[in-house]
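Note that the chains are named A, B, C, D and E in the order they appear, and that numbering of residues resets to 1 at the start of each chain.
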Amino acid sequence: MGAHAIPWIVALPLAGAVVNGLWGGRLGRRGVSRVACLSVLGAFVVSAAAARDLAGGRASAAVVHLFEWVAVADFRVSASLQWDPLSALLALLVTGVGFLIHVYSTGYMAGDPDYGRYFAVLNLFVASMLVLVLGANLLVLFVGWELVGLCSYLLIGFWFERPAAAAAGRKAFVVNRVGDAAFVLGILSTWALLGTLEFREIARLVGDGGGALRGHPALVAAALLLFAGAVGKSAQLPLYVWLPDAMEGPTPVSALIHAATMVTAGVFLVGRLWPLFEAASPVLGAVVAPVGAATALFAATVATVQYDMKRVLAYSTISQLGYMFLALGVGAGSAAFFHLTTHAFFKALLFLAAGSVMHALHGQIDLRHLGGLCRAMPVTFLAFAVGALSLAGLPPLSGFWSKEEILHAARLHAVGLWAVALVTSFVTAYYITRAAVLAFLGEPGSFHAHEAPPAMAWPTVALAVLAAFGGFLGAGWAAVPLVAFLQPVFGAHEKLAPPGAVDVGLAVGVAACGTLVGWWTHRGRREVRLGRLRDVLAAQWGLEALYDLAVVRPARALSGWLYHRVDSNVVDRAASAVAEAVVRASGTVRTWQTGNVRQYAAGVLAGAVVLFAYWVLR
Amino acid sequence: MRVDLNPVLPELAVALAAAAVLVGDVFVRGVRARAAWLVVGLVGLATAASLVGRVGEAAFGRLYARDGLANALQLVGLASSVVGLLLARDYLVRRGLDRGEYYALLLLSTVGAMLLVASQDLLFLFVALETLSLPLYVLAGFALDSQRSQEASLKYFLLGSFASALLLYGVALVYGVTSSTSLARLAQAEASFPLLVGVGLVVVGLGFKAAVVPFHAWAPDVYEGAPVPAVAFMSVLAKVGAVGALLRVLPVTLPHLLATWQPLVAAASAATMVVGNLGALRQTNLKRMLAYSSVAHAGYLLLGVAAGNALGVWSTVYYLAVYGAMNLAAFGVLTFLERAGSEADEVEDLRGLADRSPAMAAAFALSMASLTGLPPTAGFLGKFYLFTAALQAGLVWLALVGVATSVVSVAYYLRAAYAAYLGPARAGVRVQPAPWAGVGVTLSAACTLLFGVLPGPLTSWVQRVAALLR
Amino acid sequence: MSVPASAYLLLSAALFTLGTVGVLVRRTALILFMSIELMLNAVNLAFVTLARMHGNLDGQLAVFFVLVVAAVEVVVGLSILVHIFRSRDTVDVDEVDLLRG
Amino acid sequence: MEVLLFAVSAALSLAGGVGVVAARQPVHSALSLLLVLGSLAVLYLTLAAEFLAVLQVIVYAGAIVVLFLFVIMLLHARTPESRPSRVGGQWSLAVPLGLALWAGLSSAALQLPASARAVGPEFGSTEAVGRVLFREFLLPFEVASLLLVVGIVAAVVLASGPGTLPSAPPARGREEA
Amino acid sequence: MSGSWVLSALVFTPLAGALLLALLPRRDGLLRGVALAATLVPLALAAVLFWQAPRGEPGFWLRERAPWVAPLGIGYHLGVDGISLPLVVLAAFLFPVALVGTWDAVRTRVKEYLVLLLLLETAVLGTFLALDLVLFYVFWEAVLVPMYFLIGLWGSERRAYAALKFFLFTMAGSVLMLLAIAGLYLLAGTFDFLQLVNVSLPRPAQAWLFAAFAVAFAIKVPLFPLHTWLPDAHTEAPTAGSVILAGVLLKMGTYGLVRFGLTLFPQAAQDAAALFLALGVVGILYGAAVAYAQADVKRLVAYSSVSHLGLVVLGTFAFNPQGLSGALLQMVNHGISTGGLFLLVGVLYERAHTRQLDAFGGVARVMPTFAALSLFVVFSSAALPGTNGFVGEFLVLLGAFRRHPLWAALAAGGVVLSAVYLLWMVQRVYFGPVQPEVRRFAPLRGHELAALGVLVVAILWIGLYPRPWLVRSEAAVQALVQRVAPAQAVGPAWGARP
């Protein structure tokens, strides 16, 4: 399948979105779900065919030029799509996982009155995400970047009548916008420096370490700004705050957007601009890796005290994204994308399982009120267990392979960060085990649960399979295709020596410990006493409060102050003061008009006298 | 002794019309028959106007010159008298004031104004000024039963006489210096204190008539008290005469002394614009507001005088024409309004006018826009010319005062126009049918628009006035 | 002319000033009128003096016209005054201030 | 002789002027005005203005002052100024303004070119004045007649009085012209 | 291009329509129909112009000229080039949209209302096409009276105050411009734009004249701190008035800055650039910050205009092709998106008779179609990629960045803030529990749907394929940049490009 087919990958879900958006009401549920699922499936099929050609060497990476989009003088950017291993991987992921989640949604959302709207936006999301990953230049990527943000906003706030949902959507969008502002500036810097926004051109100009431009301040600035955009989208410190709230959206949305795909856009961005980041020499090591490691640990710790199962998963996502950035930061690009892939599987799986629980319990998701679900929902339990253990990094599940890769790379490049990652690994295993134990084991709560319907169960099972065996796609030493496939993107030089037994042992040991501790401390649905630490962790180490105190409240106060004090009382007052002065002067003038003839005559005479005086004094 | 009467034929025509009215009035009885006086007046004015064109430029001795300036101003004056007559008839009949004397006085005053703008001699100027003024004193008091009208008349008369006396002393001083009252001699005079004081006093007298600050105080009181048609007429004609004479005395006769009088005229202009507009700002009585507005417009007119250049002179003439049109339209609309047998002259009385008489409301809004100086009305271009003239003369500050006060004027002009479009009408206020006045308002409103949309012909025409200045 | 012209002119100025002061300080309309007449007469004196000084008759002609104008002014003015007196029963100009502001 | 005549007339006219301004009764003002007019007529004679002197006596003293007196009688010659004025401070305005005016006019007068020309006996005679009048000032002369008409009409209009129907024949005021 | 009557027809058809309306009987439906027809003619002509506009032509490719006030050389001179074309199209587009969108919102004195609207259109179109300074000023000021009455007669509670304030502010600025026009004439001897372009003025004269022009334009834009008339005027105006006011009238200021400020006084514009860039940035941030504090939906939108127009000024004074093109496109975009926002508020006001944010909630549940269309408009205003707002905003930022990265950095802050207040509005109005009053809201009506639908189409068109707009003005923009800042016409700002 040639490059000409690439636009169809975007066009199919987009068409689905349009059809469902305009005629969703008339198509009926069945029609809507068919359009939605089949359009994504179609995109998957096209992507798979094209990726097979790419992987098999039957086709080479290509850029499809659609039309000239924004062009003024020396700034010319066209709407064009790029098909290369990286975009192929992401396209497969997006359409593949996307398809499964679409199918799942047909079950999950079956009772919702806004069925059509849901699938229209979900399709739009897939299309936007595909624009993001297929864009051949930064500007097109940014279009996708913002559109997925829009879809995220719309889907978080899908149940907009719930104030919390509406607020969460807005929060997500606004926080992302902070990153996006930096992103835009990064785009501008890139263009100002390089004169192009095309990825291939950028790679050509700064490839191989950047040559003369290596470490150029402008390049560093551009990389930092772009990374700030990635931080926003991928919910890294310090812009992670929106993601936990985003759980207000329907669970399939959380699975697709806030776990598997959209939030990984930041990772994708760095990967996409890999040559640029490599050339902006200190950025990767000095900024990306520490941010990733810090976020990973931070989010993992916070996850340990969450009671909302989706929030556990949300913090987990933040944490795992931190891993990916850590990998990127230490130069292990393909490891990052490997983990991205496996994470997409197991985290989507976890979310879908959690969704099934919610579906079964009419929205109940509080770990304190769950328990013993394994009996009522065995499939879901198994699926969740696969996902959890994969997340914990236990072999041979997929998470183990990719995480091991990252830990290995970290140890080689930054031992301190490696230690952090290892600790995080322990905490990860601990919190996900805690969640699993609290939800599925122990005595059942007072509820009647039922297993998920087939439309939800099958995608869950499919993802469970992927989460279990996806790891064989590509550990670096396993000589499986992923690294080779991505080699044109990240270059050959990062090929690592296979990790030693100590590496593997340590990783597995830490994960196993975490799992055991998590199980041990929570068995029988008990909760660990953490004292003050629990409060600190629940308060996200005080960050949310800090933002509220340092940003939100001051901003609101400033806004009010500007309006009520400055705008009304100074700026507008100044204009009114002029008007009032004129009116007062008018009153004065009127008092001169006494109505008395003799005074008028005096005025006339005074005028004459002034005349004399002027000529005398002149 | 052969006297060539040709140069004064236009004046003669008007004077004869006045005489015909006076004589005829003895014989004619009945309201309807007195419509004849309107016709006679109109015929007289029209004849005069056509004669002005026919006579061309000529002189009558050393006292009187029929030059471009005189012709232009006379035509403006004649045109405003035509509208003045039209506006009067229905009003007078309604108020029971319909007497031949009104028309006669109006015509005589017109003769005075015509002579004033053509006079080449200060003494003659004085006589002409009195001929212009004395009928106006009477017209101001023409609503005999109204105490306000009487008061207007008395104030106007007392102050007018006072100012005339000052003017006369000025004439005497000029005579003392140049040994002649002729402007031709004055044009050759060197600057000296007596001369400047003399000219200054003459300017005071003329400034009084034009309602220039600080000689303006009579205007608001008189305008408020006098009957509307009389105010409409006097506000225009007195200004045409007085400003015309100022043009003749200052920029035309004394260009070489520009440096001595320009600062004073400029200051007076500024003061007039400021005081006039500020005074008008919060008036609730429409006539009084328009009175202050006419004060303000004296200031704008003086801007052109102060500029003292060719542009200034002809733009002043242009603005006089424009001012006549827009002011007559504004006052003209007022002649329609009535409450309990007398004038309804509050701003609020305009309410609902748009519903009762859309055409009148439109005319009123148009004239307000023009008085403000908004395009595409004539007032805009007129002010633009004047400001340009001031800039050309280097009087940037004065132009700034001009535009600033124009902005202030927006507030009150628009408030009035706005009121006309707000409903409902005030209780007791009625819009009376007035066909003649309708014609008058239509004419002036049409001119207000025409001079703004197609200003070319009028501009070229008044530009010829500038030929007087080297 | 043994008395210098300036003496006449100073007298004229003084009379004129007296007249203006009269206009400013008196309230009886009639006296105001008379003060104005005084001013006109002062002007006339100046005209006559200057005519003599310059040896031309323009000044005297001026006086002639001033006389005419003064006469008409008095007629008009007194008519107005009488008219007002009839309706208000006062000739105090200070009480004629319905119109102001 | 001439000096004395001037001095006396000047003094009388000033006295009259002060009288006009200061008299409490309008009648006294009128009489003082008469005094001024008379003195000026004398001064006109010393200035070679015989015609004007005559005119002064006839028109001013004879007609105008009489008219004033007539109106004073008509209006019962009350003394309204005994009541306190509504407007204070006119004196404090009038005095400085008057002084300034006087100073200005006087200094202007004193700066006039003081060249007294010799004039013939004809100067100022009725013939001489008439000649100039009809030769050079014919137009204003004609206009003056219009002014007189205005005066008549004014009297006619105003005399008809409030409430009088417009069609009522004008009854009074003719005599004033 | 043949047909020298096109521009005149474009400008004066609405006027003719107004005169016709004045003569027609007071049957509202008939009057509205005729008025709509009178606005569709200019739209058709503008479309023809857009279609036929040559690419790569920097000058005025279609002109009309006739003597007007011959003695002073004031001419009736109209012309269209790449800079005025987008604005003409915008104006011609928004009038019918506003008319349709508020089809029967005005029910009293319909005739007067429509007449004024048509007069306004003639004045606005004339402003964008006039090539003689006096003619320009005539059109410029002629806008005021109809707008004054539109606000004053059909506005809400504080209409008289708002109308007068609008008038006084604008007039205060424009009289200075009038003096500057006179001054320019005295210095250069002509009012004709094309001749003035060839006159090079001494620097001090340029400075003074530019200052006078700039104040007039800055008030109209409006630029901080001269903006306080705007919230009042926008808020009190009837819906169509707000749409036109925000959509078209504000552009007169920015257009004036580009057309006259930059072109006639290039040096002075250069000297003042820092000030304008700073004010533009302040406007962006300040307007956004204050918008967030509003409790009145319309006021919120009004302050958003302050913010958005700041961006336009920023792009204008970046003095490079991207900035200027972006500014020009952003003028159009703001017209569409903010015009659309006011239309939204109008739709809501029609139903609720209030504009307080508190009064709404859950509108999206009751009026889903309306909510969907609203989101397009809102996100266009928030410059989401894919909508028109993004293209313009990005170009402006690019231009600003080339001028100095700091400007772009500050302006990008506005990007964040616009999302804050706009989404705040969406959250309060459309989302949340359905308020009892809202439950009674009538569904979107046909004419409202039509107007909003057309706007959404425009939003997507420019957002996805802005090329037709950009190519038509590119040459003119580049010529202008060449004139104002020759050094910045080419080459990257950082110069490190290999």
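Going forward, a contact is a pair of C-beta atoms (placed from the backbone, for glycine too) under 8 Å apart; a residue touches a chain by one contact, two chains touch by 3 or more.
None of the values given here were measured: they were computed from a predicted structure.
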For subunit A and subunit B, chains touching each: C, D, E
Least hop count linking subunit D to subunit E through chains in contact: 2
Longest centre-to-centre distance from subunit D, chain (CA-based): A
Chain whose Cα mean lies nearest the overall Cα mean: E
Whole-Å separation of chain centres (CA-atom averages), subunit B against subunit E: 43
Intercentroid distance (Cα basis), subunit C paired with subunit B, Å: 26
Inter-centroid spacing, subunit D versus subunit C (mean Cα positions, whole Å): 5
Computed distance of Cα centres, subunit D from subunit A, in Å: 101
Subunit E: positions in contact with at least two other chains: 168
Junction residues of subunit A, two or more chains touched: 590, 593-599, 601-602, 605-606, 608, 612, 616
Residue numbers of subunit D (touch at least two other chains): 86-87, 90, 93-94, 97, 101, 104-105, 107, 109, 112, 136-137, 140, 144, 147, 150-151, 154, 157-158, 161-162
Contact pairs between chains, per stated definition: A-B, A-C, A-D, A-E, B-C, B-D, B-E, C-D
For the subunit E and subunit A complex, residues of the former touching the latter: 168-169, 224-225, 227-229, 286, 289-290, 292-294, 320-322, 325-326, 362, 364-365, 368, 372, 375, 379, 384-386, 390-391, 394-395, 397-398, 401-402, 405, 408-409, 412-413, 415-416, 419-420, 423-424, 426-427, 430-434, 464-467, 470-471, 474, 477-478, 489-494, 496-498
Footprint of subunit A on subunit D - complex, ascending: 86-87, 90, 93-94, 97, 100-101, 103-104, 107
Of subunit D, residues touching subunit C in the complex: 2-3, 6, 10, 13-14, 17-18, 20-21, 23, 26, 29-30, 33, 36-37, 40, 43-44, 46-49, 51-52, 55-56, 59-60, 63-64, 67-68, 71-72, 74-75, 78-81, 83, 85-87, 90-91, 93-95, 97-99, 101-102, 105-106, 109-110, 112, 114-119, 123-124, 128-129, 132-133, 136-137, 140, 144, 147-148, 150-152, 154-155, 157-159, 161-162, 173, 176-177
Residues on subunit A engaged by subunit B in the complex (per definition of touch): 582-583, 585-590, 592-593, 595, 597, 599-601, 603-608, 610-612, 614-616, 618
List of subunit E residues in touch with subunit B within their complex: 67-72, 109, 112, 134, 137-139, 141-142, 144-145, 148-149, 152-153, 160, 163-164, 167-168, 171-172, 175-176, 178-179, 182-183, 185-186
